[in-house]
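Lettered A, B and C in written order, each chain numbered from 1.
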Amino acid sequence: MDAVKTKKISLIVLFLVIGFIIPQFVTKPYYLHVITMCLLWAYLASSWNLFCGFAGQLSLGHGVFTAVGAYVAVMLFNDYNISPWIGMFAGAGAAVLLSILIGYPTFKLRGAYYALATVAIGSGVVVLIENTQALGPFRVGGAEGLIVKLMGNAPAFFQFMSKQPYYYIALVMLIIVVLFAFWLKNSRLGYYLSALKEDPEAAEALGINVRNAKLVAAAYSAFFTAIGGVYYAMLIRYLEPNAIAGPMMSNEMVFLAVVGGSGTVLGPVVGGITLHAISEVIQFYFGDLAQGLHLFIYGLIVVFMIMFKPQGIIEILQKYYNRFLGITDRGEDEKSVKRTAGS
Amino acid sequence: MSNALLEVNELTINFGGLIAVNQLDMKVNTGEAVGLIGPNGAGKTSAFNLISGVYKPTHGQVFFDGENITGLTPYQVNRKGIGRTFQVVKPFGSMTVLENVMVGGFVHTSKRSKSREIAMQVIEQVDLKRKINSLAKNLTLSDRKRLEVAKALATQPKLLLLDEVLAGLNPTEIEEAVKMIKSINKSGISILMIEHVLQATMAICSHIVVLDYGKKIAEGTPQEVTSNPEVIKAYLGDDYEAVNN
Amino acid sequence: MDSLSVIVNGISMGAIYGLIALGLTLIFGIMKIINFAHGALLMLSMMCSYWTWKYTGINPYLLIIMIAPVMFVIGYSTERFFIKPVLDAQKDVREPIAVLLLTAAFAIVLENLSLMLFGADYVMAKTTVTDATIAFGGVTLSAARFYALIIALVISGGFYLFLQYTELGRKLRSCGQDRNTASLMGIDVPKTFAIAFGIGTALLAVAAITLLPFYYVHPTVGNVFMTKAFIVVVLGGLGSVPGALLGGIIIGLIESIGAQYMTATLTTVIVYAIFLLILFIKPSGLFGSRLEW
């Protein structure tokens, strides 16, 4: 039993060490940027997963939350000089409010209807942003988008000259969201979400206020997603409505989470990092060959991954993980492991 | 009246012309085990759905513990102290037995350890310890029914509504399940159970209510009910069929 | 434009929306799957039709006979080789979202495939129909839109009759109502699913050809129509065939009448708002049956 624990802890330490020393070895800004984007996508997929994966709701409109977070933080910064470090919480707060506003009517919709509602809300928000030049004293910029005011090297304003700080911030964000997901999965709400994902009626009969459980989980998810949006804005320094709110953003989160293994704690991280890395690699090698080639390959990879591993890559990793820990029987341990890493 | 835990008055539900439950009056006293029987389609499950808040009654009230709980939502009803099982069992398939039961255990605590403790105790009570780490979807029907009871018990109800938990079990399994229900009742939880297996109902319940076409046609002790000619006419014919199946 | 023309224009465009939504609603009604590749398959149909027209010069309307069977085969194979395996693997999952994502990924594949094959240019099949107009009762309508309206009405009506009165139509509907019972009654459910997907895709070929003489084709043209098709099917009731046509016409009318009084953006936002309102108040749609959902 203790040997298992030691192995688990050493594995975690190993990954943390790798995570923190990567910038020592990867010094080319381009490569570090690519790795940073992998972490960001892993973070966004994990944020989506907090509600949608855990509660089995297919939201195809989470770009709304990245957009709200990013726009609120950037508008506060551009027009009132409020540091994005503070603005990001205002943005996340706005996203939480919005998630409740959206969730209240939509959560009574069943699977397909909920998915369609989120598609419509997402598309509607893109149209709205594209046609809003200003909101009171704030410049929104409409379809041309919004450029983040440049401050040079200003850590207090979330702006750095080198890529390294961005990398570390993304890493810390990812660690936080994973810890949060782990906590959530094992909390009362986590059990409630697993239950209502399988059978809302049975969950309700066990005293669970299904709508409230969904609202709270969706609020957590919106909060983390919005912070990811702010990070994205500060990294790219430019907000383009379709890129931050549109279907690309919304669908990508879902692809990554599902390919990794939605509803598990680590699946979206695995999916986010591997799938995004793959997409960067094929873009690097095939991007110039023919227009659309790399996305074509990317789409095919997603298609085949979903076809052959609909439960996600995490399922394969789980097997190796168990073997590493020396767990072979279908006993107590397998399950306790499963709840933490997979399942 | 003073010791009536559950009391329903003139409970009625109308599904577009079909009156599934019609002016039903009945009660369950504290500590008692009451049986609700009747032929297929008599409205038994509908009566459960009315009590547990799944349906809103067209007419009539439900009182629990002296409080009017008519029109509350299912989760509110559960929190008042009524646990229920479903005729078509609803396990959370990809969760383990323990996790399934812990979901119920969480209703009165936010602590994992406490919920686990409650769950372990309940699992012991329904004799599912041997399957504690199995996924619910891999259980046999008999174990699924036990799990169904365990989940409801974990919410620590004062009254347990059991919808055909014996249906589909073989005679040995029925015998075990009867023992289990009796012990639950003995531990102080009142029981209202729907059942087609009449001998088992008579072994557990001191009082039986008979429904036919949504209406109560008889009630009383098992002896009184089984000797009632109207009941024999409406119900027992069907029952022999049910037993033979 | 005078108000009558505005209305007729709206109806004709709406009928095309309805035609596009028809396949979506069919696939949902029978398989309970939202096909996110629907727009991309429309685009593919348009591309195939355009290039066939370009190289052969055959009248676009005659192309239906060629393109529709091709699209049927594409749809049928897509279901057989891609969707079915995932459906089978997710049998005991309550909400099989993997299938929806599969179709969404498939859309990416198709869009980029045609980007590679056909390039990113905006092209249109300019034929004699393109600039012709038809006048009747004081209303002037472009000939292409008029033909589109006629084709959409005929196909929708014919399709409805097909579902109601043919053996295959009955099989399709029974799978939609309860696939387990249908299977017990000896219907080959997987095959019926593949046929449904094939028919849904073939219907897109018809819609594509009605659009061809007056609408630009490019690799992302499907997105515009897919979001509209989503709105249309929810408005009309997911799974309802007459609902798809009526829903389409309502959207077409809102757009063309709206265009007289406000910006296109505002119209779009209003369409989304109406959509959400229907979804919240009556998710079964304006014309869908209550039992359907």
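In this section, a contact is a pair of C-beta atoms (placed from the backbone, for glycine too) under 8 Å apart; a residue touches a chain by one contact, two chains touch by 3 or more.
If you're wondering where the values come from, they're calculated on a predicted model, not measured in any experiment.
Removing chain B from consideration leaves the other chains connected by touching as one piece. For chain A, the chain with the farthest CA centroid is B. In whole angstrom, the spacing between the mean C-alpha positions of chain A and chain C is 32. Distance between chain centres (mean CA atoms), chain B to chain C: 48 Å.
Taking the mean of the C-alpha atoms as each chain's centre, chain A and chain B sit 43 Å apart. Shown for chain A are the residues that touch two or more other chains, namely 198-199. Residue positions of chain B touching 2 or more other chains, listed in rising order: 93.
Residue positions of chain C with contacts to 2 or more other chains are absent. Considering their complex, residues 186-188, 191-192, 194-195, 198-199, 201-210, 330-332, 334-335, 339, 343 of chain A touch chain B.
Interface residues of chain C facing chain A in the complex, by the touch rule stated above, are 28, 32, 34, 82, 85-86, 89-90, 94-95, 97-98, 100-102, 104-109, 111-113, 115-116, 119-120, 219, 223, 227, 230-231, 234, 238, 263, 265, 268-269, 272-273, 275-276, 279-280, 283, 293.
Taken in their complex, chain A has these residues touching chain C: 56-58, 105-106, 109-113, 115-117, 119-121, 123-124, 127-128, 130-131, 197-199, 247, 251, 254-255, 258, 262, 290-293, 295-296, 298-300, 302-303, 306-307, 310. Interface of chain B with chain A (complex): residues 52, 54, 73-75, 78-79, 83-84, 86, 90-96, 98-100, 102-104, 106-107, 109-110, 112, 115, 133, 151-152, 154-155.
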